[in-house]
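This report refers to the structure that appears directly beneath it.
Should a chain be cited, it is by its letter among A, B, C, D, E and F, assigned in written order, with residues numbered from 1 in that chain.
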Amino acid sequence: MKYIVAIIQPDRMNDVLERLEEKEIHLVTVTSVMGRGRQKGVSTVYRSHKEAGSLLRKMKIEVAVNDEYVNPTIDAIVEGGRTGSVGDGKIFILDLKECVRIRTGETGAIAIG
Amino acid sequence: MKYIVAIIQPDRMNDVLERLEEKEIHLVTVTSVMGRGRQKGVSTVYRSHKEAGSLLRKMKIEVAVNDEYVNPTIDAIVEGGRTGSVGDGKIFILDLKECVRIRTGETGAIAIG
Amino acid sequence: MKYIVAIIQPDRMNDVLERLEEKEIHLVTVTSVMGRGRQKGVSTVYRSHKEAGSLLRKMKIEVAVNDEYVNPTIDAIVEGGRTGSVGDGKIFILDLKECVRIRTGETGAIAIG
Amino acid sequence: MKIRNLCWGLFVIALIVAGLVVLAAGEHSQASKEIAVLKSIDSGDTAWMLISAALVMFMTPGLAFFYGGLVRRKNVLSVLMQCMFILCLVTVQWILFGYSLSFGPTINGIIGDLSFAGLLGVGMAPSAVYATTVPHCLFMIYQAMFAVITPALIIGAFAERIRFVPFCIFTLLWSTIVYDPIVHWLWADKGILGVSGGMGALDFAGGIVVHINAGMASLAAALFLGKRIGYPDKISPPHNLPFAVLGAGMLWFGWFGFNAGSALSSGGLAANAFVVTHIAGAVAGLTWGVLDIIYNNRSTVLGLITGAVAGLAAITPAAGFVTPLGAIVIGIGAGVICYMSVTFAKAKFGYDDSLDAFGVHGISGIWGTLAVGLFASKFVNESGGEGLLYGGIELFFDQLSAIVITMVYSFVLSYILFWIVDKIFVLRVTEHSERVGLDLTEHREAAYTTLE
Amino acid sequence: MKIRNLCWGLFVIALIVAGLVVLAAGEHSQASKEIAVLKSIDSGDTAWMLISAALVMFMTPGLAFFYGGLVRRKNVLSVLMQCMFILCLVTVQWILFGYSLSFGPTINGIIGDLSFAGLLGVGMAPSAVYATTVPHCLFMIYQAMFAVITPALIIGAFAERIRFVPFCIFTLLWSTIVYDPIVHWLWADKGILGVSGGMGALDFAGGIVVHINAGMASLAAALFLGKRIGYPDKISPPHNLPFAVLGAGMLWFGWFGFNAGSALSSGGLAANAFVVTHIAGAVAGLTWGVLDIIYNNRSTVLGLITGAVAGLAAITPAAGFVTPLGAIVIGIGAGVICYMSVTFAKAKFGYDDSLDAFGVHGISGIWGTLAVGLFASKFVNESGGEGLLYGGIELFFDQLSAIVITMVYSFVLSYILFWIVDKIFVLRVTEHSERVGLDLTEHREAAYTTLE
Amino acid sequence: MKIRNLCWGLFVIALIVAGLVVLAAGEHSQASKEIAVLKSIDSGDTAWMLISAALVMFMTPGLAFFYGGLVRRKNVLSVLMQCMFILCLVTVQWILFGYSLSFGPTINGIIGDLSFAGLLGVGMAPSAVYATTVPHCLFMIYQAMFAVITPALIIGAFAERIRFVPFCIFTLLWSTIVYDPIVHWLWADKGILGVSGGMGALDFAGGIVVHINAGMASLAAALFLGKRIGYPDKISPPHNLPFAVLGAGMLWFGWFGFNAGSALSSGGLAANAFVVTHIAGAVAGLTWGVLDIIYNNRSTVLGLITGAVAGLAAITPAAGFVTPLGAIVIGIGAGVICYMSVTFAKAKFGYDDSLDAFGVHGISGIWGTLAVGLFASKFVNESGGEGLLYGGIELFFDQLSAIVITMVYSFVLSYILFWIVDKIFVLRVTEHSERVGLDLTEHREAAYTTLE
C-alpha cells in the first residue's frame, strides 16, 4: 500500500478529482496549503510596504492506495494537474504500513478502498 | 516509531482527543481538511446552480508514536471516532525514520513524547 | 529521499523559511495546523463558559529532499524554529519512495528539487 | 416533506391573495381621505421617523450577525437565514393583518379588529391617535420593524437545532397569536394594560412587548427543544467573534431609532431617550467588563458587547421616562443581573438557551420594566408616571402586573405553539443534520469555501 | 503599461485642474446668490435629504459586500476595489461636469449644458426647479450617490475577469456618455422622456436610469467579455455568503434613502415610498424563498437576499406612484421573473453574467418600470399618472417606449464603449491572472492571510 | 495583578457612585427649567442632530473594523475590544464630568467648571450658547461621540502590543487631561483658542480637537512603546482586508454625521459640509490611487481607503468654511501628503505607528487645519473667516498657532501620561503575549475557530 501526497495548483483541483474518479480512485483527502517552489510568488504591497510574498496557494491531495493503483493515481494527477507552466507541483509517494477503517475496524488492503 | 494519520468526522474530534489523552497520548497535530469518501457529499445550490459537493469537512489528526503506542493510538481513535455510519474515516500508519525535538535537539524515541 | 514534516511555532515561520533558503532548500509546503503538546494551551472564556483550549496554533512545514539534504534541512528548521521554550515542536522524517514532478513527469532525485 | 412544503407555499400565496382583495377594496376610500389632512404633518418629525424606521430595520441584519458570529461555522447561514426570512415573512403578515390586530380599533382592549387589514385606511394622512404629526403609514411601517425583530430575538434560543419550515410556521403563528395581542394590550389606544385607557403600565419602546415577550418565548423554546448534542462542554466556541462585534455595533446604532424613535417625534423626548439609551448601553457594557475582570481575571469582548446589549434592552421600556441618573442605575443593574443569569443561573438550571436570548433579553427586559416603576419621573415625560423613587406606588405595581401577565401569556402560548408545530411538522432537526450542520442540510449552502 | 498608467494619471489630474479653474471662476457669483433665498429651506426636508444622501452612499459599500461575498476568495478585493474606486472616481466626474450634463439647463431635452460645470451656481440656495425646499448642493450630492452606484452595479457582470485600469476608463466614459444623458432624459427639467416637458415616462427613483441602464450595460459586458475560465461548472461557489448577507442588509437599509429620499422632501410621499419599498423587498424575498422550496426543496439564504434585492430594484421606479397593493404585486412579479431569468434564461443562453447584474437588476428594472404603467395611481401622487389598472393607457405606452429607448441606447453604447476600451487598453485579464486571481495580479494584495 | 484589576474596578465604581450623587442633586432644578423653553426647538434640526449623533457613534465600530482588519489574526479582538470599550468608558467619563470640563462655563478660557457635572442642568431645553435649536442634552450626547472616537484613533499607534487594563487607565486620563481641555479651548464659549471670545482659530468638526490631537498622542505612543517584535519586515500583512474596507465604508458613512452634523442644524451649512466632505474623501482616495499606480504600478484597495480616510480627516476642520474648490485642493493635498508621510517618512524615521494613526490622522489634521487658513471664505460661513486666498492673513496665523499649541500640548501630555501609566502598571505586553497574540493572552478569546 502506498500513501500518495500531491501538491497541485488550486484551480486544477476539480480536474484532478475528476480524473481520479475516472480511474475509480474515489477516496481522497484535500487540504489547502501554501507552497514555495520555483514559481515566483507574487509580491504584495500594503500602504507601500512591500512583502516578498514567496508563498503561493496550493492544494494538497492525499490518497492511500493499494500498490496496483499507484500508477493510475499518478497518471490521473499528472493528467488533471498539468498546465505545463512552473508551479504545477509534485507527487510524493510514501510507504503505507497499515490502514484501518474506523467504522468497521477492518485493516489492510480491504480497508483502504 | 510510527507516524499515524487519521481522518475523522469533525464532530468526533473532541472525543478522539479525550480518548487519546486517557491512553496518555497527549501530543497530536490537527488539521482541518476536506474528504471525498463513500459518504455522499451534500450537493449545494447557489441561485439554482447546483454543485455536486462531493467533498465533506473532515479532521486530520497526526500522531507520531513509539511502536508500543501504535495499538493504543489506533484503539483510541477508533473508540472516539466511530459513529458506525459511512464517513467515519480511516487511520493510516506510516513508518517514521527519525524524530527531532526542536527545542532541545533530542532525537529518536525520547523526542517523540 | 526523505519526506520531512516539521511542526513549528507560527511566529517562527519566516525565520525557518529564511534559514532553509540559506541552505538552498527552496521548495516547501506549509499548512496551518493546531497542535496539542507539552505547552499548555490558553484556556478561553465565552460568556463565563470556560473552554480548556488545549490546542494551539502551529505551522506544519513539509519538505521532500534528497538524502544529502536531510541534515541541512533539520539544522535549518532547528535554528530558525528554536525559541527554547516549550511548544517549539518537532521534526518528523519519513522515507520517500518516489517523487514525480507534475509539470514534466520527471521522477526521482531530479524531480524533488 | 415535499408535500408539506408545497402546502406551505400555497398557504402563503393564499394569504397574499386574500390580502390583495382586501387591499384593492380599501384603496380608494383611503386615498381620498388622505389629501385633506396632509398639512398637519411635521417635516422634522417625519424625517426622524423615516430614519428611525430604517434604523430599526437595520437591527435585524445586525442581530443576524450578532447571533451568526456566535454559532458554529456549520450553522451560521441558518441563523442569518432565519433573521432575514423573518424580515420578509413578518412584514407581509404585518401589512396583511398583523398591524390591524395590533393597532386596529380595539375589541374590548384585547385585540384590534380588522379595520386596518391590508392597510385599509392606513395612508399618508396622520392617524388621529398614533404619532399624529407623521403619516399614518409611516407609524405603521415603523411598528412593522418592531414586529420583525421581536420574533428574530427568539432565534437565539433555538439556534443550531431547528428545522427551517416549521420555524417559519411557528414564527407566523407566534407573531399573530402572541406578539400582536401583547402589542395591543400595551400600546394600542384603549389596550387593557397600557396607559391610554388601560391599566396604566408604561413600556416606552418595548421592554415588555419586545424583550420580555421574546425572552419568555426563548425560555419556552430552550425547554421544549432540549439541549444541542454535546452541550455544554463539547460545543465549539463562537466561530467568528468579529461578526458578533459588528452585529453589536449595528444593533447599538439601530437602537437609537428603536428607543429615540419611539418618541414618535423629533424633540426633547426623543433626545432624552437617545441620551439615556446610550448611557445605559455604555454603563452596562462597562459593568460586565468589570465583572469579567473580577470573576475571570480578564475583560472579554463578548462580555462587553453582551453587557451593552443587556443595557440597551433594559433601558428600552424606560427610555422616555427616566433621567440619566435612572439610566446609570438601570445600566449597572442590567450588567449585574444578566451577568448572574448567564453565568450562574443558566449553568445551574442547565437548559440550553444557545445564545442567551432569555438570559440577556428576557432578564434585562424584566429588570428594565420594573425599573420604570422605580425611576420614572413626570419631569421627563408628563404623560409618563412617577416611580417609587418619586413617591409613585401605583405605577410600580402596574409594571409588576404587566410583567407577570405578559410573562405568563407569552411563555404558555409559546410553549403550546411549539408543541403544536412540533406535533405536525417536527421542530427539531435529525441528529445527522445537527452533526453535519444546518447550513448544508436545511439550506444546501456552505457559508465559506475552504478549498480555494 | 507603465506609460499608459501614467497617461491615465495625467488625464485625471488634467480633469481636476480644468475643474478647478471652472470652479474658481464661479465661486463668487454663486455664493452671493445663495444668501438671498436661504429662508425657503425646510429644515425637516433638509434633514431627510441629508440622511438620504448618506444612506445612498452607504449602498456602494453594501453592494461591494453583496458582490464581494459571491466571488471567489482570490477576487474579492478586486470587486471591493472596483466599488470603492467608483465612489471616488464618479464623484469627481459628477462635480466637474457630470452633474451639469445631467441636470444643467437642457439642450433640446437631450443633455444638460455646462452651466453647472464645477458646481458653478450650485450652492446653498435651493434650486428653482429641483428639490426646491433643500439646498441645491444637497440635491446635487444626493444625485451624485446615484451616479456612483449605477456603474457599480455593472461590476456584477464582468467580475473576476476585467483589468483594473481599463475598467476605470470604461466607467468614466460610461458615466459621461451613457448615464448622464439618460438621467437628463428622465429627470431633468424638460428632458425628452420625462414628465416635466418630455414624453411623460415616470421613473421615481431610478428603475430606468439606474437598473435598466446598468442592467443593459451588464448584458453588454457579459456578451463582450465572454465567460470566465471554467464557467459554468468549475467555478467555486460564493466564498463568503455572510458577506453577501451583510451587503444585502446594507443595501436594503440604504434603499430607504434611495427610494423614500427620491420624494425630495419629508412627508407623505416619502412615507409611501418607504412603505412600498419595504413591502416589495419583503414580498419578493418571500417569493424567491417559496420558489426555491418548490424547485430545489430548500430555501436558500442567497435566494432570499437575491429575491429581496430584485424586489427592491423593481419597486424603485414605482415607489412614489403605487399603493401597497401595487407593491405586493410588483414584489411577487420581481421574485418570479428574476427567478426565471437567473435560473432558466441564463442557463439557456449561456452567457456569463457572473453575479447576475443583468438577471436581477436589469430584469427587475424592466418589470418595475412596466409596472408603473400598470399600477400607478394619482391618488398616491398627483404629479404621477394613471396606470392601465386605473384606466390610463397612455402612461403604459410611455413607459414601454422609455424602456425600449433606454435599453437600446444603453446596450449599444455600452457595447461600443467596451469595444473601444478593449481595442486601446485590453479589457480582459490574462489567463494566468484569471487563474491566480485578480487580487494579487491587479492589486498586489491578498484579502485574507492563511498562514498565521 | 488581580489586586490591581480590583482596584481599578473599585475606581470605576467609585466614579459612578460619585456621579450618581451629583446627578441626583441636579435632577429637579434641571427638569423644571426645561419645560419653559421647549418651544424653541426646531424639529428638523433636532432630527438631523439625532441621526448625526447616531452616525458618529457608528464610526467607532467602523474604526474598529478599519483597524481590526489590518492587524494580525491573533490580535483582531484586542483592537475591536479597545474600540468598543472606549465607547463605554468615555461615555461614562463624559456624562460624569467630561462634558462639564469641556463645555461647562469657562474658567479663564482654559477649562470648563463643574456646573454640568453629572449632566446637571443639561436637559431637554436648548442651551443658550450651543446648538440653540436642539435640546441641550442632544448637543451633549453628540459631543460625547466625538469624545469617544478621538481616543479610539490612538489605538492605531499602539495596536498589537499594549496591555488592556493600563490602556483603559491611560484612556481615562487622556480624555480628561488632554481631550477635554483642548475641546474647551477650541469649541467652548470663550475658550482661549476658538472664535467665540478666544484667539480666533477655526476648527469646524475637529481637525485640531480630534485629528491633530489623536495624531500627536499616537506619535507619542509609537515612540514611547517602541516597535513590535519583527517590525518592519516580519509582520504578517493585514489579516482581513475586507474588514478594513467595511470599516472604511462605515467611517465614510458616519463622517457625514461628524462633519455635516457639526453645523448643529439642518440647512445650507450642513449641506455644504456634507458636499465638501464627500468631495474631499473621493478626491483624496483617487489621489492615493494614482500615486499607487505611479510608485507601485498598481492601485491597491488599502491605499484607496487610506487615502479616502485621509481626505475625510483633512476636510474635517474645514467642512463649514470652504467651497467645493477648497475641498478638491484639500483632498489632493491630503492624498499626497499622507502618502509621503506613510511611505517615506515612516520608513525613514523608523518608528512603528502600527496602523498609521499619526501618519494618516495626525498629518491630515494638520494639513486640513492649515488649509482652513488658506481657503476659508465668509461666503460659505459668515461666522467663519477669510483664508489667505481671500486676503485674510490673520486667520492663517491663528490656525498655525492653534496647531502648534495643541501639537505641543497633546504630544507632551500624552507622553507623560504614557510614562506615568507605564511606571505604575506596565503598558507593554510580555514578549510571550506578543507572540501568542493579545486576543488569547489579554482577553482569553479567539476571534475565529479553525478546527470545525
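Heads up, the rule we're going with is that contacts are C-beta pairs under 8 Å (C-beta built on N, C-alpha and C of every residue); 3 or more make two chains touch, one makes a residue touch a chain.
Note that the coordinates shown come from a computational prediction; the quantities given were computed from them, not determined experimentally.
*Asks:* Counting hops between chains that touch, how far apart are subunit C and subunit E?
*Replies:* Shortest path length, in steps: 1.
*Asks:* Whole-Å distance, subunit A centre to subunit C centre, using C-alpha means?
*Replies:* The computed centroid separation for subunit A versus subunit C comes out at 17 Å.
*Asks:* Please report how many Å separate the Cα centroid of subunit E from that of subunit F, as a whole number.
*Replies:* A distance of 33 Å separates the two centres.
*Asks:* So the centre of each chain is just the mean of its C-alpha atoms; given that, what is the distance between subunit B and subunit F in Å?
*Replies:* About 50 Å separates the centre of subunit B from that of subunit F.
*Asks:* Based only on mean CA positions, could you tell me how far subunit C sits from subunit F in angstrom?
*Replies:* Using C-alpha averages as centres, the distance is 44 Å.
*Asks:* Among all residues of subunit A, which ones touch two or more of the remaining chains?
*Replies:* In subunit A, 30-32, 34, 44-46, 55, 57, 85, 94-95 touch at least two other chains.
*Asks:* Which residues of subunit D are in contact with two or more other chains?
*Replies:* Where subunit D meets two or more other chains at a single residue, that happens at 42-45, 47-48, 51, 74, 237-238, 240, 246, 266, 296, 298, 300, 302, 444-446, 450-452.
*Asks:* Tell me the shape of the graph of touching chains, choosing from line, ring, star, complete and other.
*Replies:* The chain contacts form a complete graph, every chain touching every other.
*Asks:* Which subunit C residues qualify as touching subunit E in the complex?
*Replies:* Result: residues 10, 13, 30, 32, 57, 59 of subunit C touch subunit E.
*Asks:* Where on subunit D does subunit E make contact in their complex?
*Replies:* Against subunit E, subunit D makes touches at 1-2, 5-6, 8-9, 12-13, 16, 19-20, 23-24, 27-28, 31-32, 34, 38, 41-48, 50-51, 53-54, 57-58, 60-62, 64-65, 68, 76-77, 80-81, 84-85, 87-89, 91-92, 95, 118-119, 123-125, 134-135, 137-138, 140-141, 144, 164-165, 240, 243, 246, 266, 442-449, 451-452.
*Asks:* Touching subunit C in the complex: which residues of subunit B?
*Replies:* 3, 17, 26-31, 62, 64, 94-103, 105, 111-112
*Asks:* Touching residues of subunit D toward subunit A in the complex: what are they?
*Replies:* It is residues 450-452 of subunit D that touch subunit A.
*Asks:* Which subunit D residues qualify as touching subunit B in the complex?
*Replies:* Subunit D reaches subunit B through residues 74, 229-230, 234, 432, 435-436, 440-441, 444-446, 450-451.
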